[in-house]
Amino acid sequence: MTATHYTYWIIFALMMIGLYAVMSHGNLVKKLIGLNIFQVAVFMFFISLGRVDGGSPPIITEGIEVYSHPLPHVLILTAIVVGVATTSVGVAIAIRIYEAYGTVEEDNALARDAAEEAAE
Amino acid sequence: MIALEVASSVLLLAGSLFAVTGGIGLLRFPDFYTRTHAAGLMDSAGAVLILLGLLLLAPDLGSGVRLLLIAAFLLITGPTATHALAHAARNDGVRVWAERVDKKR
Amino acid sequence: MISQLPALQVVVPLVSAAGCVLLRSAFGAWLLFSFAAAASLVTAVVLTVQVWDGDVIRYEMGGWPAPAGIELVIDQANVVVLLLLGVIAVIAAAYGRRSIEVEVPLRRVRMFYAALCLLLTGLLGIAVTGDAFNLFVFLEISSLSSYALIALGRRRRALLAAFQYLVIGTVGGTFLLIGVGLAFAVTGTLNMADLADRLPGVAGNRAVTGAVVFIFVGLAIKMAVFPLHAWLPGAYSEAPSVVGVVLAAVGTKVAIYAFARFAFTVFGIDVVFTDLPIGEAILVVGSLAMLAGAGVACFQQDFKRLLAWSSIGQVGMIVTGIGLATASGVSAAYLHIINHAIIKGALFAAAGILLLRLGSTSLDSMAGLGRRMPLTFGAVVVAGLGLIGVPPTAGFASKWAMAAALVEDDQWLILAVMLASSLLAMVYVGRIVEVGWFRTPANLDGQTLQNSEQATAGANPGAVRVHEQTSLLMAGSVALLAVASVYFGIDASLPSGLADGAARILTGGSAP
Amino acid sequence: MSSLDLAEAVLLGILLVTALAITRARSLFVAAMLGGLFSLVTASLFVLLDAVDVAFTEAAVGAGISTVLFITALALTNSQEATTPRRRVIPAGLVAVLATAGLIYASFDLPGVGDPDSPVQTHPITDTYLRESQQDLHVPNTVTGVLASYRGYDTLGEVVVIFTAGIGVLLLMLGPRRPADEARDRAYLQAEYRVLRVVSKTLMPFILLFALYVLLHGEYGPGGGFQAGVIFGAGFILYTLMFGLAAVQRVLPMRTLVVLVAVGVLIYAGVGVATMALGGGFLDYNEFNPGNPSGGQVAGILLIEVGVGITVAAVMVAMFYSLIRRGVRR
């Protein structure tokens, strides 16, 4: 273990904040924003795995010998796209929920469903 | 060479000063319009000065041209964004700050 | 041609999805989906024949040898899943023809089929890949398409169910990603076979433990293992009927396959079951799931919800088999994957017919069903007997195999739990029979099926009327699955042959 | 501590503060804008960590698309959040703390950040990607090489994810357009937005040109089909904002967009099918030019990047169309 582990720990703290935001908030949009923070923190973790001290971006240039590892970059490019795809579908569903329930608070919507059920 | 570096440092420092002033303005100014002004300053003057400072240190022509292009782009979009913000605020009926509003608090 | 089959298995439904969007007619989209489904089934059958003797087919994507490139791996452990997916896709194509027409507005039908193709692509992609990160990508394809499909359910709570599934499913997917990242950090590779080679070299590493835990928790969410099951009842019961059939039959099963793949071939029995108490944890969780799932199912007022809770219990039983980590346990788990897919497929398909004919799937509306719709009711009862595990149904065959595996491992307590859950299954299936056979039907006039969007718009001019006739294709799909669930109980040689082969590959220690 | 480490620490600190501010903010507009800031700072951090391609994408997607999506969602729903019920706080906190504890436990056996002897750096594929790729592909940007060739199948999956999201959003959002919407469009056009219109009209060709540059230059510098698609889509979104939906739809009707979405996917998958037909594996670009494999690789990479760009741009614009149509309906 070296001193450089602090990077990991801050990244983990960011993950924790994101995960907490996803689960503790009842507002659907806020949940999605929290999900974004959580995912972006995971992306940082991957990117930090590819880093080499004294390295350069992995674009081969004459005179440069040490490059960071390109694989994590490739993976995270894909993962970023997956993340935004999820966000867009989530936003679409949230808008539909607002139109159907008149609220984007999960608890209110659940309560309205329960009331509907009781009325039946 | 040294003259270039000094000139560049001066520009960079001036740019940073604008950025910091803009930030302080954003926090301390009393209403939306003055804050937008501060933010616009940060955007245009601060960023462009820093880019010019970097331009003096540019290692080759390619980077220099890119820096110039970025500066030109910022000079167009920065004020436009500020304009759009102020315009939207005015359409939305945001009031301009006046001294007496402050005294009431 | 034959050598390209592993890639075609994924590419055909993928291209069909794009084709569905380009076509101008709903019928054309249906034809294309049917073609994709049939092609998947045929491909899966040919691949099964090729690996029947225990061979492993490796396919290098882009011509790059692994681990630099991505490889597809076909062996006995995943052809079972491919076959199931093919069969269920074909059933969905036959069943969906009418069901989608009724439940989905016409202007959305083409894209609906495109989304079904994508769901199939995603699930097949998970099954064939030999790369840990690629598995994540295809997991997300299948998840995204299922979120959208579930949200199209007729009631507004489908939207809420889809959103809840989206949030928890994405957290699960991201957990998987974290786990893959940890494994990558200590091995430098993402290829499953290469991971399996290099992980023993770093045994006892805390990062490997972390990788195991995060990957398994992530997949457990997708598998809906108790207590991470919260998304399942809403998602399965509110989805459009055809989506319910596909998800209930194969949705969680593919995640279970991925779980088994990671447990046995990537990390290996030594790391997962010997060094770490994962096996014990799975047994505890699986037992709780069996009891909780079956227990809660007994109190449901809605047929689909009852079935969904029953699925949670059945998934518990399957993971218990995997948790034993013995050849007979894994074989029993695979057998139950097959049988449960058929049984639940039949039941959800029957529920779709009820929705069409009765306008509702509540148990109350099923009163007197035995007299009004004897054939559908008969299929429900036959499949229900399979859930309990009454001989000679397929459910009996897999429960018997599971019981034998438990006895072999001296897990008497879990055997008792399994029997108790079967008793509970008898209670909830009994309720359905009681309602359908002994209660008199309520007045059904004027009930309508409403699209959630139309309902919220206030007026509902386009509301679908209750149908007088059951479509032949839908009834045929249900009948086929119900008959299969009995046939595989009487002659279990095909499913047990497949399951034994899978168990041999997974627990025999051979590379993926 | 070098100046780079210092910059990294400062950025991480800003990220922590921003993340906390996001969870605390009651106004969702504030939260959404801070989310954009979070992504932008993350992009800067990625530059420090040598991941320029990822930084480019994160800035375009995280700070750009995601923020637009959230703002649209807020415009169509509520912008204030209710207070969090206390019963949610404890289980959420427990799970978050447990997950983080697990990660920190695992991190004690992780190699240090930047360690040149870590398993990741010493694995043979590192050499394949950084050295051998220069003979096999002749693509200096190894990220593009790995993305489009070695792991081209993953990237196909990525395009399919975008495609799926597009299909999903359209399925959920599409509705018929009503006469009242057209009237509202006209009213919008009469509003005073002259400065914005002139500026965006002037910038439009440059934005599209830049998108093409990013697409074609992806083999030599940061960029590629995905980033190009985002920029291209952003250009059209800007134009829509300034001149209204009706004006843009004359150039790019919804039906054309939907076709383009599928065409991009078909180009990518079609390249794979073509290589199969030529006798190679799926996406084995060597088959395009058996005499000169690296030439075939460059051609294949360019083709699939075009497919990616088309799908991404079309999906973005289609999503935006369907979202703002929804807004007009209300």
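Order of writing sets the chain letters: A, B, C and D. Residues in each chain are counted from 1.
As a convention for this text, contacts are C-beta pairs under 8 Å (C-beta built on N, C-alpha and C of every residue); 3 or more make two chains touch, one makes a residue touch a chain.
Just so you know, these numbers come straight off a predicted model, no measurement behind them.
If you tally contacting C-beta pairs for each pair of chains, A-D comes out on top. One inter-chain figure worth recording: chain A and chain B are separated by 31 Å, centre to centre, where each centre is the mean of the chain's CA atoms. Per-chain CA centroids place chain A at a distance of 27 Å from chain C.
We define each chain's centre as the mean of its Cα atoms; on that basis chain A and chain D are separated by 13 Å.
The set of chain D residues that touch two or more partner chains comprises 99, 103, 107-108, 110, 118, 120-121, 125-126, 129, 151, 154, 157-158, 161, 164-165, 168-169, 172. Among all residues of chain B, none touch two or more other chains.
The set of chain A residues that touch two or more partner chains comprises 15, 19, 22, 32, 49, 71-72, 75, 78, 82, 85-86, 89, 93-94, 96, 99. All chain pairs that count as touching, in label order, are A-C, A-D, B-D, C-D. Remark: chain B residues 76-77, 80, 83-84, 87 touch chain D in the complex.
Every residue of chain C that touches chain D in the complex is listed here, in rising order: 4, 7, 11, 14-15, 17-19, 21-22, 59-64, 67-70, 107-108, 111-112, 114-115, 118, 121-122, 125, 131, 133-134, 137-138, 140-141, 144-145, 147-148, 151-152, 175, 178, 182, 184-189, 198, 202, 205-211, 213-214.
Listed in rising order, the residues of chain D touching chain A in the complex are 8-9, 12-13, 15-16, 19-20, 22-23, 28, 31-32, 35, 38-39, 42, 45-46, 49-54, 57-58, 61-62, 65-66, 69-70, 72-74, 76-78, 81-82, 84-85, 88-89, 91-93, 95-97, 99-100, 103-104, 107-108, 110, 112-116, 118, 120-121, 125-126, 129-130, 134, 140-143, 145-147, 151, 154-155, 157-158, 161-162, 164-165, 168-169, 172-173, 220-222, 226, 319, 323, 326, 330. Chain A makes touch with chain D in their complex at residues 1-27, 29-30, 32-34, 36-37, 40, 43-44, 47-53, 55-61, 66-78, 80-89, 91-96, 98-99, 103-105, 107-108. Across the complex, chain C is touched by residues 99, 102-103, 105-111, 118-126, 128-129, 149-154, 156-158, 160-161, 163-165, 167-172, 174, 258-259, 261-263, 265-266, 269, 272-273, 276, 280-286 of chain D.
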